[in-house]
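Structure incoming, see below.
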Amino acid sequence: MISSRIRRLWNAYAPEIVVTILLILAFVISGWREPRFLDAAYLFDRSTLYTEIGLLTLSMTLIIVAGHIDLSVTSIIAFVGAIIATLYSRYGIPFWLLIPLAPVFGGFLGAVNGYFVARRNLPSLVVTLATMALYRGMAQILLGDSSLMTPPDYTGIERVTLPHTYLHTPLVIWITLCLVFAALLHRTVFGRYITVTGVNPEAALYSGVPVAQTLIRLFTLSGAMAGVCSVLLLSRLGVARYDHARGWELDVITAVVLGGTSIFGGRGTIYGSVVAFLLITIVQTGMGVAGVKAEIQVTAIGLLLLLAVLLSRLTTGRK
Amino acid sequence: MNGINGAPLLRTTGLSKSFGAVTVLEDAGVELRAGEIHAFLGENGAGKSTLAKLIAGIYRPSAGQIERNGRPVTIHNPREATELGIALIPQEPRTFPDLSAAENIFVGRLPMRSGLVDWKSLYGRAEELLHELGVALDPRQPARSLSVADRQMLELAGALSLNAEILLLDETTASLTPGEVSRLEVILRRLSAAGKSIVFIGHRMEEIFSLCDRATILRDGKIVGERMISETSPEDLLRLMVGREIGEKVVRGSVPTGKPLLEVKGLSQPPLFHDISFSIRRGEIVGLAGLVGAGRTEIACALFGLSQPTAGTILVDGKPAEIRSPRDAMGYGMALAPEDRQKQGAFLPISLWENASLSSLPRLSRRGWLKDSVSRTLTTEWVKRLSVRCREIEQPLHELSGGNQQKVVLAKWLETQPKILLLDEPTRGIDVHAKTEVHRLICELADAGMATLLISSDLPEILALSDRILVLRSGRIVREFDRSEATPEAVIAAAGVSTGLPDKPRSMVA
Amino acid sequence: MKKLRFFLMAFGASLTLLAGCKPDTPPASPTATSATPPTTATEAGTTTATTSAPAGKVRVVYIPKNTGNPYFDGVVKGFEQASKEIDIDFSTTAPAQPDPTAQISFIKDEIQRGANVICITPNSVDALNSVFDDARAKGVKILTVNADLTGNESHRDGAILPTDFDKLGANQIELIGSLMKYTGKFAILSATADAPDQNFWIKGMKEALKDPKYAKMELVGIVYGDDKDQKSVTEAEGLLTKYPDLKGILAPTSVGVAAVAKVVESRKVADKVIVTGLGTPNTMRRYLKDGIIPAVALWSPPEMGYIAAYASFGMSKGDVKMTPDASFKTGKMGSRIVGKNGVVIAGPPLVFTKDNVDKYDF
Amino acid sequence: MINKLFQRREAPLLIILAALVTIVCLLQPRFLSPGNLQSVLLWLPLLIIVALGEMAVILTRGIDVSVGSILGLSGMMTAMALRDYPELNIYVAALLATGIGAFLGAINGGLIAGAGTPPIVATLATLGIYRGLTFVVSSGKQVDDYQLPRNLARWSIDGPFGLSIPPYVVWIALIVAAAMHLFLTYSRTGRDWYAIGGEPDGASDRGVPVRLQTFCAYVLSGAGAGLAGLLYASRFGTVNPASIGNGFELLAIAAVVIGGTSIFGGSGTIAGVLLGCLLLGVINVALAVLNIAETWQSAVYGAVILMALLTDDAARRRLMKGARHK
């Protein structure tokens, strides 16, 4: 009885279980091999470096569950950052006014992706590949190769912690949004629509699911999240540059897939993505403090991804 | 080559196939002989396609044996079937759009010369084959530019190129024009004369009578008879196929009167359908009969907002309805159980209750938050009410049989509390027991006031359930029958079948 | 199962929160070492301290722009040489790509690993400010090497620059001018349009061109190759197309000058277009010897590393203050004087030609 | 005749290209000077060879995002071999580079066709792994120009028959393209790729060895990227572990998709891919020649890919409409 329940749990959540175990292993090994790793202040402080990737992992999970992909998010970060910094420093628009506008700009850029994907039926991989170049390019047109400073009052958000904790503000935001996204995917109509669209888009349409609308909203949300990340990054680095966040999309997708979300859509949990993201963070932190060279770190993450995919495939025999 | 009375090229004994709990074919024994065109007849879901697919290696039998030339064989996949000289031509040919016609014929075994594809010989052989078939078609043409009929010819040519002795044509004529059908008939007769054994699966009586030598009739997964065509009549075959008195199991109440709930006026969407007008009253079941391809499904889709008609109006409760999406249609109380359950109705990997509650989520939620416990409770009720056979409602849908999947799809729609139910082939591919249950449900719903549009290829079903029957031919409504005047013969005739109408000699789907 | 999924989420979140709680009293466990300067960690006698620098040794780490850049290998050589002479524990690490933010995690890791001095060639003049502030708050000295945080000097303790940047522009103009016989059109291929030292040098070049000595020379354009092979090549080819009568290209960047040399070689215009700039002898050796280019200039990266190592040692011991007019001894390189803004100049640039290039290996 | 030309999938691309060249020439007549044409030509070979391999993979409904890293690892290893064994013949080196690439591609193919890992996941993983290995084998040190044989650099400078335009590398790319065209036309594998991409289940039923041929596509993609690694060394002289081939995968995929190869597999031509590469090359060189701030480059890329997608989409719709009316 119990074993059959475990069996069923395993069948349903093998990838999540695999990454959870890997996370615990990574933590134990890092702590055992490198005592300097076990330092809460350091761990939390260093984790803030990955906040934006962590946030994007959440929205990318929804996108991939819906059977799509969004490569353009990191370019949206740069572009929105460029817009905000330009409006602030060249047109003197107050920064507090621009903060809430960032997700709006990002959302608009995401909606453009959504339009091409949902209304023109173009493959999201290629559409967002194109907008990835386009948005990055527009950021570059705006800023050239120079940096624009953000006001000092608004920088350094990562150094503000919750009282009596090591929790830096970006981490607090991330943890909050983890819960929000978990609720969004697993507890709302929107989330259900996302899942069924990933499972079978045609049947979703026949079932009265507003597929196109769901996708446009989803890409808009993805863009808006990138907008939020853009503000965090601006505050963290104090400058806007066109080349910010470049290449992070691969880390984000790696985390999502590592967390057991099917790249073909229809299956995935926020829990899996969160654990996978933590796993990557822990592995990188562990290797970083142990002085492992950057290139080995890159290789290790690739191997980790393969390991997780192969493990959960082999053990469940899922097609 | 063996004559009609020679030893069979292929014989099956006790062949059975079940999917999960549902047996779709039981104890089937047939003999296929050289030089003979053999019809498999039966209603939808009777098991004729299953039988063909077992022979062609697409399915593997649950029990029974296949003998080829007297030797027992096990056929694991279509490739092994082709090696045994067995080929199946499906209704919708599987073509490789960017390959040439010739390659489509020879794909997987292109002629090679010193390691290279020998295009000259490829085109030569393809031309020869196509010539043999009497098809005028450039083998160099890419397949994407060919019609369905021509692409079927490629499949046929492919089978012949393999020296297939047994050709199974699974509803091949369903999507062909009359001219294409007669061309195919000529070709099949020639092949049969050359000693091939041909299995013809189709519905049109006049095709069967003009083409076939012998017929095996299946009903509800069992073989119920075998006839030499020369010794039988369409009526005889129909009776065998239907097998029961029409309308014996369900009893419809009095014909409802009152104002129409759904009115359709002059709906057109060329070239699919033209000038469609009809109405359905509260509590009325209107059957939409016609051949496959007559435009029945397309009308349902247009009503449900899946496609946009170019002309015409739809009125619900006397008021014009703007329907641009399924969402809009649902807003007017419509529901559509689609034709292709696997592709359009079901979400196989997710749970039963998630399937059943999907279309009612706006109601089963508060401000966008799901009320899953309510959904589960309601699904449990539907499972009971529709007698869905399942272990638990958390089970993924793919673990259920076809009939039970269909019940879940129906539950999904009934959960939306519709006023107008559009049912497209609601009992296709489900077992007899489940079918009766679905019929009873449809009547119950109508008695409770549901306006139902019933599209079905199952003539007894449509005759038994409908208060009125509309007959569709080539996208137009050609006749309307009242319950009292509808007989199988009359409906078949109206759909354009055995009366021998010269223009479009198409037969009713039995 | 849905419940379970949610429970796991909540569990994970609460764990994180728990772990994130800061104890009210600072514990004397290794977990607090990063909050106190690493030098005092040795006194605590914890395992952390024993795995980091041995007592008395100064732990110096150098973070170049990225790994695999031969120029910085030269700097590392200088550090290594100095570490044999003085009591420092030297190591080097770097991100794989020279992205502006890529160095941040390496800085944080090195702080945690107990570095006393972080020498860095920054990928950005401003994006690293906050992490530098963090490091300095924890008692780690920040010394930029090879480039300065122009405009953000307050975020580092000192800078070792390879040569006098004020004079470099004029120096380069004199180099190309002498090779062009002081007549004709020439263009500049720079790294990125935002690179502060590049822009500073270019400003110096424009200034120098006002000298009547260069009156017959005309600067027709400045293009940017982003320090990428493909981009630099394409831009250099674009120059040759746009200005058919171009007589010289000055590329004050090692990737750029190699790309320009490659282009004049493949277009077979080496006899018409003079190429020079800043480049390492190893990269430019073949072009010099083949006569594709007459000369390139560069300071000695090992020298810079060597001086940086001595400066680090002194800063950490408190013997050296990076304040103007202070001076410190650097082993066999003699003593150096700290200039304004805490900048130390390593030495004058060297000029490599086909005759002397084999004497250098970096 | 002309009508037929316009029905081809490549037609819109050709028009865009012609329009672009015309505009550029109006603004900068020297764009068509021999020297500049050589710039365009030299820009192409690497991209063409990688894009052709990528095309094979996309034909089978797959994707290979690891080509940039394969290019890097193979280029690095070959350059090191040439540095450490100066007597190594460069043709042998070319074989070596191709072989290393093919081996790395075979690992991808094994993961995808053998273990059934989704292509994007498998190659995303190897993208990181191969890049890391590039640093590991080279110990993070670059190979310098003077350490490579002279005649390797000459591949990018001189052409056959004493002509310098086009240089050998361009010929190599054209030969590879021609060979690829022949391979796609005359080999069973090539034809099977179209079949697999067009209708995977059908292909398997008809006796096409789907897994084997899919495996071959990744091997070929790897081999192309591997050869490109050596050409990179020839073209740029220095082989740096961080920069060699970095980000090349996006360029290759863009060229293939712009060239009209369907991202859903089964459809695409060599001519289209060549045109796609040429379009990207012309844009790139034009930006440098026109004094357009380099900052515009990325945005122009993105816009062109989007435009290509939309025209392709429109063409597809028109074609489908035509078929229906038939």
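Worth pointing out:
Should a chain be cited, it is by its letter among A, B, C and D, assigned in written order, with residues numbered from 1 in that chain.
Here is the rule we go by: a residue touches a chain if its C-beta (ideal position, glycine included) is under 8 Å from a C-beta of that chain, and two chains touch if they have at least 3 such contacts.
On a predicted model such as this, the values are computed, not experimentally measured, just so you know.
A count of C-beta contacts for the chain pairs B-D and A-C puts A-C on top. Averaging Cα atoms per chain gives one point for each, and the point farthest from that of chain A is the centre of B.
Each chain gets one centre point, the mean of its Cα atoms, and the points for chain B and chain C are 72 Å apart.
Look at where the CA atoms of chain B average out and do the same for chain D: the two points lie 46 Å apart.
Remark: chain A and chain C have CA centroids separated by 32 Å (rounded to whole angstrom). Averaged Cα coordinates give chain A a centre that lies 30 Å from the centre of chain D. Listed for chain B are no residues, as none touches two or more other chains. For chain A, residues that reach two or more other chains under the stated contact definition are 144-145, 187, 293-295, 298.
The multi-chain contact residues of chain D, meaning those touching 2 or more other chains, are 131, 135, 140, 241, 295.
Contact between chains, as defined at the top, is found for A-B, A-C, A-D, B-D, C-D. Residue ranges on chain D touching chain C, taken from their complex, read 28, 30-31, 33, 35-36, 38-39, 42-43, 131, 135, 138, 140-142, 144-146, 150, 153, 156-157, 164, 167, 235-238, 240-243, 246, 284-285, 288-289, 291, 294-295.
Residues of chain A touching chain B in their complex: 187-193, 195-196, 199-200, 202-210, 266-267.
Those residues of chain C that touch chain D in the shared complex are 66-70, 73, 96-98, 193, 221, 223-224, 226, 228-231, 233-235, 237-238, 240-242, 244, 258-259, 262, 265-269, 282-283, 285-287, 289.
By the touch criterion given at the top, residues 63, 111, 115-118, 120-122, 124-129, 131-136, 140, 241, 250, 253-254, 257, 263-264, 293, 295-303, 305-306, 309-310, 313 of chain D touch chain A in their complex. The residues of chain D lying in touch with chain B in their complex are 185-188, 191-192, 194-195, 197-199, 201-203, 205-208, 266-268, 319, 323, 326.
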